[in-house]
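Chain nomenclature is as follows: A, B, C, D, E and F, assigned in order of appearance, with residue numbering initiated at 1 for each chain independently.
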Amino acid sequence: MRDPLRVTTLGEALVVMDPLSKGPLRHVGTFEKHLGGAEFNVAVGLSRLGHAVGWAGGLGDDEFGEEILAFARGERVDVSRAILDPDAPTGLYFKEWRALGQLRVHYYRAGSAASRMRFDGLDVEYLLSGEILHLTGITAALSDSCHGLISDLISAANERGVTVSFDLNVRHQLLKGRDPREVLGPLAARADLLFLSEDESGLLFGGGEPEHVRKARRDIRAATVVVHGAEGAFAVEEEGIFEMPAYSVSVVDTVGAGDAFVAGFLSGRLRGWSTGECLDLANACGACAVTVPGDLKGLPTEEEAFALRRGLGAQDAGR
Amino acid sequence: MRDPLRVTTLGEALVVMDPLSKGPLRHVGTFEKHLGGAEFNVAVGLSRLGHAVGWAGGLGDDEFGEEILAFARGERVDVSRAILDPDAPTGLYFKEWRALGQLRVHYYRAGSAASRMRFDGLDVEYLLSGEILHLTGITAALSDSCHGLISDLISAANERGVTVSFDLNVRHQLLKGRDPREVLGPLAARADLLFLSEDESGLLFGGGEPEHVRKARRDIRAATVVVHGAEGAFAVEEEGIFEMPAYSVSVVDTVGAGDAFVAGFLSGRLRGWSTGECLDLANACGACAVTVPGDLKGLPTEEEAFALRRGLGAQDAGR
Amino acid sequence: MRDPLRVTTLGEALVVMDPLSKGPLRHVGTFEKHLGGAEFNVAVGLSRLGHAVGWAGGLGDDEFGEEILAFARGERVDVSRAILDPDAPTGLYFKEWRALGQLRVHYYRAGSAASRMRFDGLDVEYLLSGEILHLTGITAALSDSCHGLISDLISAANERGVTVSFDLNVRHQLLKGRDPREVLGPLAARADLLFLSEDESGLLFGGGEPEHVRKARRDIRAATVVVHGAEGAFAVEEEGIFEMPAYSVSVVDTVGAGDAFVAGFLSGRLRGWSTGECLDLANACGACAVTVPGDLKGLPTEEEAFALRRGLGAQDAGR
Amino acid sequence: MRDPLRVTTLGEALVVMDPLSKGPLRHVGTFEKHLGGAEFNVAVGLSRLGHAVGWAGGLGDDEFGEEILAFARGERVDVSRAILDPDAPTGLYFKEWRALGQLRVHYYRAGSAASRMRFDGLDVEYLLSGEILHLTGITAALSDSCHGLISDLISAANERGVTVSFDLNVRHQLLKGRDPREVLGPLAARADLLFLSEDESGLLFGGGEPEHVRKARRDIRAATVVVHGAEGAFAVEEEGIFEMPAYSVSVVDTVGAGDAFVAGFLSGRLRGWSTGECLDLANACGACAVTVPGDLKGLPTEEEAFALRRGLGAQDAGR
Amino acid sequence: MRDPLRVTTLGEALVVMDPLSKGPLRHVGTFEKHLGGAEFNVAVGLSRLGHAVGWAGGLGDDEFGEEILAFARGERVDVSRAILDPDAPTGLYFKEWRALGQLRVHYYRAGSAASRMRFDGLDVEYLLSGEILHLTGITAALSDSCHGLISDLISAANERGVTVSFDLNVRHQLLKGRDPREVLGPLAARADLLFLSEDESGLLFGGGEPEHVRKARRDIRAATVVVHGAEGAFAVEEEGIFEMPAYSVSVVDTVGAGDAFVAGFLSGRLRGWSTGECLDLANACGACAVTVPGDLKGLPTEEEAFALRRGLGAQDAGR
Amino acid sequence: MRDPLRVTTLGEALVVMDPLSKGPLRHVGTFEKHLGGAEFNVAVGLSRLGHAVGWAGGLGDDEFGEEILAFARGERVDVSRAILDPDAPTGLYFKEWRALGQLRVHYYRAGSAASRMRFDGLDVEYLLSGEILHLTGITAALSDSCHGLISDLISAANERGVTVSFDLNVRHQLLKGRDPREVLGPLAARADLLFLSEDESGLLFGGGEPEHVRKARRDIRAATVVVHGAEGAFAVEEEGIFEMPAYSVSVVDTVGAGDAFVAGFLSGRLRGWSTGECLDLANACGACAVTVPGDLKGLPTEEEAFALRRGLGAQDAGR
């Protein structure tokens, strides 16, 4: 394992059941098993880009939990602080491709091992041992104990001076009617580095344009707010607004694209790059991710992400 | 079962063998089994849109016949008048995706249970018990006895005042060199509601433009003639010509699109909608159908068709 | 739908994820989706044997719930009293084939729609409208509300004079350490017709031999106690002990065998057969079920079960 | 192509749709495409054993017909006299594995290209150009014109002195209630070499024991009558009765075993072997065939068949 | 087999392992086996277009070698001069679809049977018996003995007056750092008909424009140099420069497109067509090939290639 | 990673292409990718049984090499000393299931990265840092440099007092006609712990009975010689002969059984168990391995192996 850890993250890693054919799930007979989970994706993404990263989270003490650990070790992500819960299963979700290409997800994560995590059960020292602690609004929406855990972790990190990276990641199916502004807003307000989709920016700040973010940023802690959309991304900082257009690629599966984007941005930060360069690497990682099916398969290596940035092309380059 | 029936239809339901890879069939090793058949598709489409519908037709007294019945019951289509023939198999066809994306079908429906249907064997009372009786030129092309059956059914419906909906559906492989104008023209001329593709309008009326149809309509019974193409659809009635552009979607499989269109239009009629609104729902249903592989899987529910009409979009709407 | 209903049952119908390869689940990449659930299996089994049967139970208001309803309608099981829960998913489980052919199941049914069923939400009139009400210990183990529901239903049936058929079906993963004798014993004691495996007989009555059951039967309500094992089955009644050897078949998948057995026995009862004949039909149904993979696929039709009883054989009988 | 031809055969080659899972076809979602047909199997079997062989028969002028021709050419079977019919499809059948391991087949060969063959359309010179002409009762059961064709061909071969090999191959689904003794008996009576299963011997000769055959042989032309069963095979000739026990192997799929047996026996004949040796090679070929799924895949090469006869064994012989 | 041979070719035919899912190979669990190899593709392409063609090359004396021979015989390619090597395996390669749609290939052809071919082992008379001998730079890059073999064959053909068709086909993975200009340039300079991609033209002639080729052609033997790119193709001859735009089709898999192009051009030559017509048929063949996955499946028949040239279209043309 | 290492091993890890259907490879269309390699299997087996183990060996610097490393890390095998060769591919082999259940393997390991390993490139300190160094005759048969490497490693271990465990593992396809007694005998003679199959014992010692081994052991270094066969295993030591019968299980795939056996025996040694107990654990591990397809999937955890030894059974134990 590379060390010392530079980023730690905590969240739910899940088994993903991917339908082998399009259309309503009732007509799908065969599924492929993959792995996913927002923070887990970010951890794998950072590791592929060459950084020492640790992931913690609750898993069932079952085959799926073991599989996630083995996969993570294979990807050189430190999972020494994963928590195996003998009384609850590993989280799970099904993807469904409806007519018109619309994605629906069906969660089996209520009562999962991760949803039962508590601040008391964490190795906080470990989680604060890197330069960046990456968290998301998904964990905060899993359960009350998880919400408390995220809140307490942010406080601890704020106190210790560890950079809190927070991806809002609103999931209405988990919020079950609760207002994301109330549930997640106060957490986002205490992050040092905040990631939002355009829609989420609209939700939180009243609009997805740089100007909306610039105004809103005054009221929150974040030194950097990053907003990403299909056309590109921008970051708002004290120093100004940085924009970077998206790479034009053929989209196959957008799940995991945001996580790839975050991994790319954080990687730039760890390299000490400028915010513009960070955005560009983030865009490149997001672009690689959407060209390949599955939440994790498209997360690029450093070599692949850099190749895209250099403007690689010919299909037979590897022949 | 919902009742009373509002639409009845009669035709051949088939097993569809769908190649799991593109290219000449000789190179395809694996096939998925699906179900289809023009009138059957319309029945399922209408049921998904919320209407009480009954399908009748000949099936082999075999596994495939039982499967079609079970599927239809699952879809809440009344199949109480299906005819199980112990001496002939359920119809079958293979799809083939040739170079350049061209679809070929290979029929195994000569001598099928449906091709042996006779007017004598039908429960005519049942078939005339709804508001609309939907028929197509496919059944009329299956065999002589089927042609007679369609002709006699139309007469009976005309007499009883049940609306005859007729989709020309020219299939050259079934016509085996016979002129569709001669074989199907006289049947189409006695329908109350006539559905044509642009090509079929050209064949029957000398052109696929509204003007061609307007002129030709004088010589036939149909109060409404609907012509659908890739760009949109129009209807010609006494009151005038109604046009509606197609929805722009990403096409995956066009088989069944016409049947989805018909189901949408008939659904509009049953709702008492204007012809323009009927065309729009028809377009929406056709659009949903082509975005999903398989003849039947993409037939939308009311919810899905309406969502498209409202202009739904974001890929992650269901997350 | 055939009517009037002769058997009603209530329980959890589930989606079953069946691994396409043997070995630890972490190494399995592809799964086939099937359906199952003890009471659901019994309902389908009875319908295939020709009886009018109704199944009730909680389902998620989701694709899987719809699929279960469509499948049941296709199988001619009345599901008019199924309860769609908008706030909880349809139950789910994974099968796993470990080394040495050992089956493990991984449940995702905590918090499922079925586990949230309450006696208040049921149409008790409907459930008591047949001759037999079939229940199992699985439902009673799902949750406290489900345990209460089963207890109350048995009381209502006892009062009304409807025969209560009860299959103990101990599931340690659902009991989570609770003693099945305490949780399920009092329910079993109030059934009219009790089904046990040999192991369960040992657990409840101190042994799996006819003599153990004969003694224990004095203290319970059941007029008939049926015990089934790999070698055969026996029934203990006031009139005596009836034994019937198992059919010798090649075992592929034992899941669902007990449910097929129960369906066969109940079918015999509905036909007014002697207890010995009931056992024989039960054995035949169980034998058919284990020769085919999947919980439901092997449930025989009357024709198939009778053929086995007549001693059918030659592999090419159907050529 | 090896030449000159030593065996010619004529019959229907078919596409076989093989279910990828066991159980009733209605529950099977995926099928593998294979090829088969009794005489075609014999031709391929003989070619693998090293003999020059020609197959003729009717095929649709379609993808499946082309595939059969390409496969045969690949197997070095001469197909120069195959007849492509532009107006009828290539024959097809589905396999189904019912409960208890029972095989059912579902034919789509009514009206197939092969069923439309007529004696007039054949190249009789070609068919009589080898030492042996192999025919079966299947072709004779396909249609009236096919029955006439077989009868006329046998007459021509009898006259010319070409050995007629005839495999009774009773197929009740094709006979549709006709008595095989009446339809096929007179043909079998004119063969020089007659192959029967034990059941068929019972049907034709009143029993499957050597003694039954010995008596019956007096009334027919055949110099050699071969009867094969699961336990072994025997041949009855003027010189006496020759018996040979079957090889003990693990049976996977018995379809095609009889054809492999016939190919082995004919191969022995072409090598000039004694009847006992012919039976042994026939048994070896049949044994190889049943250990592999599919009608054709298990047909052994000379090397494989001989290895079995030498008593090969260790599983890792090829490592 | 059609004869006499009009084209002969020599090269490596390989087994192709095609991943069933996109993304890095480490995440791919299932592969489909196909066949390929540049010269082999050309041979199959020419045969489908109706020409008598013979392919020679080294194959392992193993299952894959036998499969390649059977496939070729099925496609009516003469393989009587294929060389089965008992001491080396048939060549093999894996395809990999990386992020961004980039193709990588992984060769297992070092030490393959083909790489061990020597001029001494060839039937030179056979290879020079047609009008055209087609060779490629791939064979020349396989090994030293193969390079010598190609050089000697070209000399023999030049001497005998047999047209040498040479496709440069630079494969960096086989050249392992050697300069293609040095390794392949002298061979290309002795061809009569030279095929280049635009990139290869740049490499060899300093640019991919007609003008570059016109100048360079003075120093080489080739009467015709053909350069093909995504937009179209051009040929440079003494008489001038001929250009032909590509057909616009939906690209699925570009592997084998160049070989289809070559087959089309050579087919035009064999038909005695003008250079412009040859280019157009070549473009049509290349277009068909890229619309279907796999190296060989999309190679068109004459009927398909001509249909594209006539401007065929409607998706349901074959219904 | 657990530490300190107790066992180290060195060998070739390979990609295994497993046919998804039985029969000659030419008829197999789809393959599953797995991993294997004798020493790699032993390493994974030991890790699953709870021991700290390190594997070293040559891998291509390619996707397959990366996959093997990731898998091993996931299994907690230390691969820090694996050698990535940029100029040669990772080894590969195909399995083939011939008629009669016979396994053939097709190697693509000539010129592989592992075959190019040299003693000079190894970290000998690392390899001698555990209590046991496990080697096999496979590596010694790969190439001359590998043979030298094994010889030198044994010498170094003998000198240092590290126990050399050696599994003869004769592979005729790698020996290519060389006499295993000459190539492998001298290496086996210097091992401290020697594993042989019955056949190998016959080859090396003139017989597979304990008596043969007892006599032969006098001339070699090994304190313990273990011989395993289908019926059981025995060990010969100074103290006597220990025998232990095999567990009776249903065999699915024997590949990897020997490696599982070795892992079990070594695990017993590391636990300080008696030779009889070691044999029993070895038998249990071998039994688990053969009940699951694939080289590695059936390697048991400590829990599974111990359960078998306790005599576990009921199929539904995990429900």
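Just so we're on the same page, a contact is a pair of C-beta atoms (placed from the backbone, for glycine too) under 8 Å apart; a residue touches a chain by one contact, two chains touch by 3 or more.
Keep in mind it's a predicted model, so treat the numbers as computed, not measured.
Contact with subunit B and subunit F alike is made by A, C, D, E. Each chain gets a centre from the mean of its Cα atoms; the one farthest from the centre of subunit B is F. Summarising the inter-chain layout, the chain whose CA centre lies farthest from the centre of subunit D is A. The pair C-F is the one among B-C, C-F or D-E whose contacts match those of D-F for more than half of the residue pairs.
Spacing of subunit A relative to subunit E, judged by their CA centroids, is 46 angstrom.
Look at where the CA atoms of subunit A average out and do the same for subunit F: the two points lie 41 Å apart. Counting partners per residue, subunit D has 24, 29-30, 32, 70, 96 as the residues that reach two or more other chains. Contact residues on subunit C toward subunit D in their complex (touch as defined above): 32, 249-250, 252, 287-289, 291-294, 297-298, 300, 304, 308, 312, 314-319. On the side of subunit B, the complex with subunit D involves touching residues 17, 20, 24-26, 28-33, 62-64, 66-67, 70, 87-89, 92, 96, 106-108, 110-111, 176.
For subunit B in complex with subunit C, the residues that touch the partner chain are 1, 69-76.
Chain contact summary for the complex, subunit A toward subunit B: residues 21-24, 27, 96-105, 171-173, 199, 254.
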